[in-house]
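Structures for review follow.
Next, two complexes with chain A in common: one pairs it with chain B, the other with chain C.
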Partner chain A sequence: MNWTFFMVTTVIVATFGIGLYGVRLARTTSDFFVATRAVGPMWNASAIAGEYLSAASFLGIAGLVLTQGASAMWYPLGYAAGYLMLLLFVAAPLRRFGAYTIPDFAEGRFGNPRMRRLVAVGVLVIAWFYLLPQMKGAGVTFAVLTGAPYWVGVVLVGVLVMASVSFGGMKGVTYVQAFHYWTKLVAIAVPAVILIGLFGLDDDGRSVFGDQDPRFPGERVVEFTETEELRVDEPMTVVVDGVPTLWEGVVTVAAGSEVVFDKEDAVPQPVDRPLADGYSWALPFSDRKPLHLVAAISLLLATVLGTMGLPHILVRFYTNRDGASSRRTAVGTLALVGFFYLFPWIYAAMGRLWMPELYLTGETEVVVLSVPGLVGGSGGSFLTGLVAAGAFSAFLSTSSGLLVSVAGALSHDLAGTLVRDADDRRRLQAFRLAAVVGGLVAMGLGLVVRPYEINVLVGWAFAIAASAFCPLLILGIWWPRLTMRGAVAGVIVGGITSTTAILVTMIEPQTGWIGVFLAQPAIVTVPLAFAVMAALSWGRSVSDDVESLLLGMHNPDRMSRTAPLDRSPTPNDRSSNTAVPRARRTIG
Partner chain B sequence: MSISLAHLAVFALIALGLPVLFWAFPAVAAFRVGPIPLAWVILGGGGYPILVAIGWSYVRSVEAAETEYTELVDEP
Partner chain C sequence: MDEHIAEYWRKNVRLKVILLTIWGVVSLLLSILLVEQLNQVSLGGFPLGFWMAQQGSIFTFVILIFVYASTMDRYDAELEAKVNGDRASS
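Moving on to the complex of A and B:
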């Protein structure tokens, strides 16, 4: 506990310290919103990776792998591969376009402010959806570490994030986010390597990848906080509250009882959330049902195509110097994020083999925080402190990036000319007010999403981003014929169908094929959005304006810099007000 | 553009091919490299360097193409 307290506090203090130092450097409003562009690709890649690795990466992946096994391993692969798509189709052209948020791009590409407002609504939906699992992660982490009620962690992280966003802005955030990446990497990698070295992946020849069901690796005392129904396949004698009891068939454990299991006892199955058996945990698609294949492909589509549509990620690419460094940043991010993903599954394997009692208490999502305790003694509490610090780093970094996007969309894109024509001071005030409002909404919603898996919630945010924004970005950048009519219809159709499918799943999960398409809608909604955009734009002629707009995006940096119509931007040009007009001036 | 598409094709082949491969031929996923099934070797580690390699190869070919293009245009 002492180590945990010390390290979590250090992360929070360092966050604010670096942030405040950055604020001192931030002199103009444009600095506050976008940071300066004088950041190198390596710093930028660290910052993007730092902002990207959220509660889902830090806690969620390991938690989901612990319960589902190999079939949850598609998540991290998709999260990382999203940067490859961003690199191939979006990073350089978007940077050259001069737009730094999706609403900026939408308005600049179609020359219509209404487009900005429509897209800003999409940004809000995605960013809030993505904030929910961060809030949930904060709530459960704080509860596990201190025993406090769930809401305490939600409120604590919510308030910290609101404060840092209101006072910090983007300039400070670049360095803060880069710091967060390295914090998270150390926090996940060091304990993972130590654990795998000390305990290994098999227990007396019983491999975690074998086809046996989990068994207790030694005597384990499990406290049940809630009444639980358990199915016991092998009759066994356990000690319930000091009384030896024979368990067989289905038994009910009362809330508050303490049960002692012996070494080699098979782990009983909680009736309401059955365990994956050894074979289906260790191998993907072990039941060979086609619907699981479709679900996996749909999930990959959502994560791979959704990354480019995440508002808090795209904005970071604007801090690159030009298109080429934007590309290098994308590769760097891919490498950093991929390196991080080598580690989370180790916690799941450790938990399944050495701490199967997590299945009984339902605390599978915090397996990353629990297994370092296996080391025992002060070493164990040091490692627990380390992962706890990493977890808080994840909540703070991703939430603040998302809240900047929410506040920007509210105060800048949706509030309209009222705020945009105001002076710098008023715009800052509006941004801060929007940050507080956005944060309060996220906290409120965060309190009600406790029943959902962190990783599943994040996967849904990706599905919405992939359905609403990926077609807009890809067709908008590469296809001159895309019309505003097509773009509007595609964004609306993609966004509404995916959001509806997910809300239905959240409220009333369906089974069978319908259930797969509603829970993993991307395989239907992404092609649908592309089709709608293409169909409504087909046969339109290309205006010269749009033609040269696209040419400007795809021409090499050096050429666009020497083009006579482009003047080198003054610092004031970096504010979002002028970003779009500048892009249009470039085309003359 | 064609460089993007070529790299997309390689990636799509791997990304979509992998689940189909594991699904159609469970023996491939279960094939053991030492004690660890191949599915875990790829999804837990081996896949990421491949992604980075595709990305890096893309950056190099695009930068080469852009340099060539710029020189071509700049020549009087």
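Moving on to the complex of A and C:
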């Protein structure tokens, strides 16, 4: 606890210290919003990776692998694969286009400010959705570490993020997030390596990759905080509140009971959240149900195509100097992110083998925080402090990146006409006010999402991003014939169908095929949005302007007559459709 | 100059198609559709299907992305050299 307190405080103080240092460097408004694009590829890659690795990566993956087994590996795979799509199709062209947010691109591509407002609404939905799991992670982590109520962590992280975004802007955030990446990497890697070294990956021949059902590795005392119904497949004698009791069939454990399990006892199944049996835990799809295959493919589609539509990721590529350094940044980012993903599953495997009592207490989502305690003594509490610091880095960095996008969309894109003609000082005020409003909304929503799994929430944000923005970006950049009519209809259809499906699942989950498509809508809604865009744009003539606009996006940097665009991209260029003339100039 | 740009584009698109094919094979085919068969093979204690989903494919992506970035840098430089050559001779 003392180590935890010390390390989490260190991360928070360092976050603000580095943020303030960044603010001192941020002399102009342009620095504040996009860090004047003076950020080198390695710094930028660390910052992007730091921002990308959220609560879902740090806590969620391990938690999901613990409950669902190897099939949860499709989350990190999709997160990584999405980067490749972003690089191949979006990063460099958008950098050359001069658009630094999706609303900028939408307005510039179609030359119409209404497009900006429509897309800004989508940005808000996606960013807020993605903020929910961060808030949830903060609440749960704080509760597990200190015993405080759930809302305390939500409010704490919410306030910290609002403060750092309001004062630091983008330049402050860049250095802070680079720092957060390295904190997270150390925090996940060091305890994982130590745990494997101390405990190994098998126990008396039971390997973590084996297909056995979980058993207790030694005597374990489990406190039940809530009344729980358990299914016991093998009759066994346990000690309930000091009284030896024979358990078989379905037993009810009263809240507040303390149960002692013996070594080699099979872990009972909570009736309301049954465990994956050993075989399907270790070997996904062994049940051969096409339902599960479709769900996995749909999830992969959402994460692969959704990455490019995440507002806080795309912004980062604008802080690169040119298209070529955008590409280099993407290489660095994927290498850093991929290296991080070596580690989370280790916690899940360790938890299943050495701490199966997590299945009974329902604290599977925080397995990353619990497992280091196995080491025991001050070493154990040091490692627990380390992962806690990593978890807070994850909440802080992703949330602040998202909040920058929310505040930008609110103050610049939606309220743009109000503040467009204002001076720099007024625009900063508007941005800060928007950051506070956006943060309060996220905190409010964060308080009600406790029942949902962190990774499931993140998967939904990806599904909406893939359905609403992926078709707009891909067709907008690569298909000159895409008309505004088609784009508007596609964004609306993709955004509304995916969001509706997810809201239905959140409120009243469905079963069977309908349930699969509602819970993982991307496989339907992404092709639908593409089809709507293509159908409504088909056969319409395209002006030369658009042709040359697209050419400008795809020519290599040094071919452009103008040097790398060195104009302040502050969110208040007077004509607001600045991307158009800028892109035209580059055609040469 | 136009034919240089057209050639640059052909090369760019060809590179994208090749890399995307590898990407699709690794992420969809090996990591999802063939995962059961791959799991029969063990790689230093790790089932190969599990390893493909967890690490192999991510490393493959890093390599693909690196190949793309460095090859595009080279194409950019080649195009620039050709266009400058044309300008000098005209």
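The rule is short, and it goes like this: the second predicted complex is superposed on the first by the 561 of 588 C-alpha atoms of A that agree within 3 Å, B and C clash if a C-alpha of one lies under 4 Å from a C-alpha of the other, contacts with A are read in each partner's own complex, and residues count from 1 in each chain.
We take it that contacts are C-beta pairs under 8 Å (C-beta built on N, C-alpha and C of every residue); 3 or more make two chains touch, one makes a residue touch a chain.
Fair warning: this is a prediction, and the values are worked out from it, not measured in the lab.
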For A:K184, using the defined touch cut-off, is the partner it touches chain B, chain C, both, or neither? Pick first, second, both or neither.
neither
Looking at the overlay, does A:W478 come into contact with chain B only (first), chain C only (second), both, or neither?
first
First, second, both or neither for A:A296, with chain B first and chain C second
both
Looking at A:V331, would you say it contacts chain B, chain C, both, or neither? Reply first, second, both or neither.
both
A:A80 contacts which: chain B (first), chain C (second), both, neither?
both
What is the contact status of A:H412 with respect to chain B (first) and chain C (second): first, second, both, or neither?
neither
Shared contact residues on chain A - chain B and chain C
70, 73-74, 76-77, 80-81, 83-84, 87-88, 92, 201, 207, 209, 282-286, 293, 296-297, 300, 304, 324, 327-328, 330-331, 334-335, 338, 341-342, 345, 554, 556-559
Chain B residues touching chain A in their complex are 1, 4, 7-8, 11, 15-16, 19-20, 22-23, 26, 29-30, 35-37, 39-40, 43-45, 47-49, 51-52, 54-56, 58-59, 62-63, 66-67, 69-70, 73
In the complex, the residues of chain A that touch chain B are 70, 73-74, 76-77, 80-81, 83-85, 87-89, 92, 201-202, 207, 209, 282-286, 288, 290, 292-293, 296-297, 300, 304, 324, 327-328, 330-331, 334-335, 338-339, 341-342, 345, 478, 554, 556-559
Spell out the part of chain A that touches chain C in their complex, as residue ranges.
70, 73-74, 76-77, 80-81, 83-84, 87-88, 92, 201, 207, 209, 282-286, 293, 296-297, 300, 304, 324, 327-328, 330-331, 334-335, 338, 341-342, 345, 554-559
Listed in rising order, the residues of chain C that touch chain A in the complex are 5, 8-9, 16, 19-20, 23, 27-28, 31-32, 35-36, 39, 45-47, 49-50, 53-55, 57-59, 61-62, 64-66, 68-69, 72-73, 75-76, 79-80, 83
